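Letters A, B and C mark the chains as written, and numbering starts fresh at 1 in each.
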């Protein structure tokens, strides 16, 4: 039986998050977006509302809800401020990873801190020399005594300006490919770890930057899951962050489209509101159509995850397509605003620059299409 | 009791100036019904007020002077007004819609088992039934409701300031009646009365905004805008040039597409041309009053009320009118 | 440990109201419904009092059966239970009869110390229900409360009046109506939303309250709502002509008539 409605609880939750986001986050979005400063005060408020532990069980102080519910929160927060929605996506990722791969001690230690918003976990996979082909990473984690020593560089990592810890991927077996990769929990203040911040065209508050690791000693208890299974962990957890990224972009595009609708009704040209020209209204109609389809795709993928069903293909579909159509919708919303849209006093160009990040972050469109093709055509038709 | 057994129009407000406005409205209603106009004067100095009320149109004034009435308190006032209305059975009872009047009227109506319509801005009599028809603003200002009554007395509260008092008539005949009725002591006790403090700038939450644009000539002239704002309990807003280019006000005051979107009940635009970038920030204002010396300024198309004139003259005139009508200072 | 009753109402979201361009009628169908703004403040105040002094807060609402999501929202915020008074016979009730329905339900709920209302609703905005209910239940009333403290078995409240602040006190039981300045209503967390499903919701009809169906609704109400006409949503574009003084005077009177000053 097909039922495409959210539950009453989810609707009420959406309403609460919207109220919060529109009153607490939306007004300051543009101003914050121009600064390379993490929105700490906003994170704190989100944690207070329980938004940092939506999928974490109640015994760890979380909300114990499903992935569809995280999606709702992300979409609503992003409608107000995309940069504030990213930590929820990543928080969700951290929660999920501990639940599946963490030891009981790790769960006890980390999950309550994530739900309280005290811990913000970044994810350090990409390196200067490899991104799409992450298995080619050069960073090493070699056994020494009862711990590991890390050496190498991670590049293009979000939350370098505010994370407390990182899931950091490094090779415990430098000679092996993907199977040599392990995942570690590395605190930001680990001796030997230094950071540098990039100056980006958008998403400035998420503080993308690099981590340099020079003889960083960490205890054996920092290993997440098993040695050599790090890559597997990434693949599993990335599935649904791809969907959340889709909803982040969609929420942002929704805000832009709504602005364009209001403006088109107001702005007059040739004696009429421009909304009466089909050259304008059809644009709005087309984007609204694509966005509706995108929304269904995203929630379907999250629903599949909630049902414990495979969703690798759907997640990759979300990841390549939704950021793209969102950027296109914002682009047209900007053009509907005429010269005004081009000004940085108005959030359209900012939203556009922000969503572009997510055509790259977490895997480019090409990589997603490789995954989708593999799922559809079979592994034997991969080019390598 | 049948409706026909009720006659006459009564008015009451604990604020004398409001009572005078109600007398003028009450007089019209009483004349169209062909009945007498009664007024209630309660508390200290009620007797002196009574003769004033007659001079302003009352045919009969009921005076209550119990110590419990010396300052307004809803319970004894209800006892007296409902008691008198129960005895004399007016068909219409108009009460001034001050905050105090608004807590009183529904209590009186409920005690009398009748209905009350709040904040009526138009009142007429329907010929046949002699029933009062009233109009009131509802849905946060988006609509006008028309109501009528089945029972008597028909109680309505009337906002201060919207009806003008009549000319005073010396030696108008009228009767003063001393009201003796059982009154209970109030169960609420007043501990303290003090002035309201002024809140901080939050233009997006402001109920009234007085805004200025490049029509101002000098930075000192912001004072003119401030004075009007203060009088109306409003926040000061401005167009982009005032905040961004001239920097006569901080960005907290900047209204429009690229800063604050406001949703006040009333937005007064002084010397603002009304470009769409500004208008986009006041879309949700309930009422816009524009003051601009250029008859063709686009702001007038985005305004509910417009005054064409020099803001340096119009603003003082507005202040004067407000003081006279609302604050009742001459 | 005060026993509290909170009266709240469901209204259409006035920001979504549309006007039928042909008939000039207000279109209220299919519009999001919400808890009336100041009633959220009343709910919040009851929860704060509960957090400081203990006690219990019961929400009471006269509304359509479809108002369940609003009830859930109120329970998520922290009310302990709710009581929905719904009956087709209640349709068309004015303040007098809504107060009668509420009074009957409140009596049936048992002894209480405080009733909290919003100062006024966002649709009818008459600010009448509190005083009318206080009269029905023979209670002292404190309207327009902008700050409330409990001292033993009495309430001390600041009232925001036209001409200043009045600080008043009254012993339990008492009815208060609160302004939006009194507090900032909280947002429920997901956990609270989920927990609200387990809270008790009583549902009573006219018969359960011992009310005859003639005494309520359209038949029982002295006030008859004849018509609701939308204001034109477009700006009125009225020029105020005449001398400066005349134009200024007309402006002030029009603004008072509009209820915006």
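Methods note: a residue touches a chain if its C-beta (ideal position, glycine included) is under 8 Å from a C-beta of that chain, and two chains touch if they have at least 3 such contacts.
None of the values given here were measured: they were computed from a predicted structure.
If each chain is drawn as a node and touching chains are joined, the picture has every node linked to every other.
Centroid analysis (C-alpha atoms only) places A farthest from chain B. Measuring from the average of all protein CA coordinates, the nearest chain centre is that of C. Chain A and chain C have Cα centroids lying 41 Å from one another. Rounded to whole angstrom units, the spacing between the C-alpha centres of chain A and chain B is 53. In this assembly, the C-alpha centroid of chain B lies 22 Å from the C-alpha centroid of chain C. Across the interface of their complex, chain A is touched by residues 204, 257-259, 276-277, 279-280, 283 of chain B. Touching chain C in their complex are the following residues of chain B: 74-75, 78, 98-100, 102-107, 109-111, 113-119, 121, 133, 136-151, 159-162, 164, 186-196, 208, 232, 265-266, 284, 286-289, 300-309, 313-314, 317-318, 320-322, 324-326. On the chain C side of its complex with chain A, the touching residues are 68-69, 72-73, 76, 187-191, 193-194, 197.
Per the touch definition, chain C reaches chain B in the complex via residues 12, 14-15, 17, 26, 94-96, 99, 122-132, 134-136, 140-144, 156, 159-162, 164-171, 174, 221-231, 233, 235-240, 244-245, 247-249, 251-261. Contact residues on chain A toward chain B in their complex (touch as defined above): 27, 262-263, 266-267, 340, 343, 345-346.
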